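Next come two complexes built around chain A: one with chain B, the other with chain C.
Entry: the complex of A and B
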């Protein structure tokens, strides 16, 4: 070996890569959990998901530039606003389309709305690349030769907090029980006095809220423009296929797996192969375990 | 109105109508139609819009300020028919094919070699002309096309002036590393640059290829830190350049010089990086302080003043090169004396050697910009402004090298 410290360096490189993968995965998880919930509970492949994420980023940007609100704090108002937007969108548009045609109609509707929204965002904010840069966005932590930037670290912590929050809501609250009941057996839930259309709307709203909150976090981590929305829809889709549908733990697992795959491929095979490897894993996963690692959180009823 | 006056009125209007009509037809004859597509949305839209604003500016100036352009003793107005290709080569090719079918003769280019390459193949096959300032890939010029002209030198020749600038640095850098996007332009550009630098005696460390859409470069930067090159050259587009620079600051990845082909010129870059943009080096094909002059727009400074007075989007060199395409067309048509003889106009473009506000426009025999006359200047962000640091005769400031570590930048 040319370098006497090679084995050490190699070990450090692997640790650094794993660390990068975990951090990236945490962010991916948060960005995917809303998609996962909507897919799991409503059976809707929400192609507007990326738009919610990017709208969250723009909303955080506006709050930051106009009111000076820190993007991490902005996740809360952004999430609340998008809960109501998501609710209205599901009740006013998607549900109407589904009841008049079939579940497949939701694909077309969400795709159409995504196109319209993307162009609206371009009209309002221009197609130029935007970033949110709070004062701490350029700081990093160093442990020996390992480095990790603070923004990403906070982003992961926020992700974990949000994912825990969702897990608690789903498992411990009456609202979560209603969501699970509706997802498993809409008819039985209805007979037990659950207002099913209302719960479906609320679930969609929750998914939209999480997507937008993740957008506010992503806005600090990387540059964004209206055209980056399809990346986040696709990413969410992969995370859900890897981890399983409907649960925060599935999203976390899928996200971290995706992050690690991206990171290790980028480091040891080459960054231009990350997509190829990602989709290869996706295809293999669909062949051997189509329900994802953790399966559907809402049982076998669907 | 009685019957008689009604008949008089309608009768005279029937007699007059053909006269009005034919004068309109004459007005339509005396126009030059330029068409094409540019990315107004999608991944390449930031620079795509810059090029479009350049086209718009030239058309506005010729029509409004000059009252049209005198070709063959007749005033011609210029029209522009541009569509949004959404940064998508597939969409661009169908748009261009449609315009070819509609009989458009003179095309302006889109932005990005991945779009220019397939669209110029269509215009070439149909015998139409394209003058563009958005595609530098060697493939555009080396596949035997005769009717495609580029204001920029081909990618593999674009790095010559930068390599020459490296030679002026003190202390002399020893090692260079590349990060490039794996696309038609950036890859060829990085390979060309890498050869150029090796020939000049620099040690080129391993190159890192990035996918077109990238959300994280932490790992690539880990490799950079391990290799510790003196200069890091990023052959990347705007958004990726911003991402790389941001993550370099955040992970405290320092090099003595960060060079990024696209990015440092734009307003978005400065907005994203603030003080950390200072010291970053890039390429610029035009500067408003250059001492060039031409019959359209006047001097480089005049162009900048006219642009700023009429458009809000911050001025970058892409506006100038976009306007330069139309200037090249019009000057060639002036020489030919008509706007219909495609072959003669093509020959006039090929033989063009003319000073304009953009510089001396001259194409190589294969259609790309002359590497010496139209090659890039090297610019560096200094105290928030873009300073020309090379070539020495055009320099507005000395190169800051080695750059300060990120945390010391002000």
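Entry: the complex of A and C
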């Protein structure tokens, strides 16, 4: 016998899946925007990106358990701390490697650091999977038959606020103008009085800060462990390839697309196929339009 | 010339006699050295000579292994060394065909985009092998033992991998000395100029990629035989892909001896010296990689090669994104 509510339920399922995808995508966008900035402005593929994300999650976990700071509030101190860590890392190690060898060497150096940090995180926090569970973790809002977790909703809102912040910093402030100038033409920027090495370090710091802040948000939404770092690096790469390099809007578009792709694949093809479909989209996208849907925000530089 | 012949003969004698003096564990380590050094040499054809860094070469290890296992199982070939040879040849050919098919679209990408596209292809293949029931990648595949009667497995595979290593070495040598090899070098130095000067870059790249894939597929199929039982996650391994690159970089990318020296150094470090400290493995590898990049940007071979070497080979890859 036919189910009288059949088309209706199918539609609700699609809407619910789309909602899940949008929520997931919002968080993916925030996790990728730092990678996108560093890749676009410095040309560095930062393989330590996933480590920044995971470190942010662990930092938020420690702040929550030791000082009782809410993970969403923890994004601010974590971001500030990682700005300075990222700055020191770029000036102290990555820039040295690039000047001694080549830009490709930065790939190896960041990979080496990722291995070291992953090992250290395993030694300090154990390889176990962790989650951050504040008191409101399990409450959710319902609209008719649609349901959304409160934490996820807040996570998306926080992500969007951060992305807007990044867009405003890049487009409206003198600091953002220096970053864009350096990305377009380091030599010309230098001639106009910009301290290029300092700005490169600051740009990297900004990318690291956003990555760590996203980690604090992700820690509440998804379980994490030291070995999930490479997932977040790859994820950021896919988001950037989908959306386009260097701009917050590209990261947002790419992140939301990726969120939708993974939630629809999980719902309608099977949860074990999400990675395969994600990478398939990545490869196809690279072959058809390698500059991403929105192109490179720093296009003049290459 | 006579010096070289003596050197080659000496090396051959050492390789043949070495197992007599080693404990089984150390025979396995040397076997692993032959395997990884041959992988690095195969990667080097595309990554070192042409400057096309693949981050997903493990896809050919996995495809070689799966193709060999399904081929011998479907045909029902009787177990033994001949079955192994048939499996390995089929695995290598299969990888070559797949590489020749994907070569044209994938090699339009350059630099980091090519690297990541290969990584993506590796991931897609691994996920499909793991999740599509027909491949049996999740439950695993058995390969019947190929051992002749009365031969210990570690010795047998020691000699098999030694042979494959020498074969890969010879192929690399021929490629590097040939006009085709100079074509690959020209692509690495400046692809657009090479094309303008009449180097058939498309064909050369596709051919180099296919050779690299055939060699890796052959090694992958043999690796599957040496395991006896394998799953998708034991042959599609990202660390294989990364190790190929790291060994080449440590030894000296684009050279013949570099990948071999790099593999020897890293195995010595990770298997022998740090064999007891398993939980610090990643940390040590990471430190070595960083130190090499900072102190020896041209690899160990750059240290002994002098100025002429440095002009010819340096740590670089095709930089632009097409």
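Simple rule for what comes next: the second predicted complex is superposed on the first by the 301 of 302 C-alpha atoms of A that agree within 3 Å, B and C clash if a C-alpha of one lies under 4 Å from a C-alpha of the other, contacts with A are read in each partner's own complex, and residues count from 1 in each chain.
Please note the rule applied: contacts are C-beta pairs under 8 Å (C-beta built on N, C-alpha and C of every residue); 3 or more make two chains touch, one makes a residue touch a chain.
Remember, predicted model here, so these are calculated numbers, not experimental data.
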| field | Contacts of A:283 with chain B and chain C, given as first, second, both or neither | value | second
| query | So, does A:147 touch the first partner chain B, the second partner chain C, both, or neither? | reply | first
| said: One more residue to check, A:241. First (chain B), second (chain C), both or neither? | reply: second
| query | Which of the two partners, first being chain B and second being chain C, lies in contact with A:96: first, second, both, or neither? | reply | second
| Contacts of A:45 with chain B and chain C, given as first, second, both or neither | second
| request: Could you look at A:115 and tell me whether it touches chain B, chain C, both or neither (first, second, both, neither)? | output: second
| request: May I ask you to decide whether A:137 touches chain B, chain C, both, or neither, giving the answer as first, second, both or neither? | output: first
| Is A:272 in contact with chain B, with chain C, with both, or with neither (first, second, both, neither)? | both
| said: Quick check on my understanding: which residues of chain A belong to both its chain B contact set and its chain C contact set? | reply: 118-119, 122, 270, 272, 275
| request: Show which residues of chain B lie in contact with chain A when the two form their complex. | output: 40-43, 45-46, 49, 87, 182, 208-211, 213-220, 222-223, 225-226, 238-239, 242-243, 246-247, 249-252, 268, 271-274, 276, 406
| Which chain A residues qualify as touching chain C in the complex? | 45, 93, 96-97, 100-105, 107-109, 111-116, 118-120, 122-123, 230, 234, 237, 241, 270, 272-273, 275-276, 279-280, 282-283, 286-287, 290-291, 302
| said: Residue numbers of chain A touching chain B in their complex, please. | reply: 9, 13, 16-17, 20, 23-24, 118-119, 122, 126-131, 133, 137-140, 142, 147-152, 222-223, 225-228, 231, 262-263, 266-267, 270-272, 274-275
| remark: The chain C residues in contact with chain A across the complex are 53, 105-106, 108-109, 112-113, 116-117, 119-121, 123-124, 127-128, 130-131, 238, 242, 246, 249, 279-283, 285-290, 293-294, 297, 314-317, 319-322
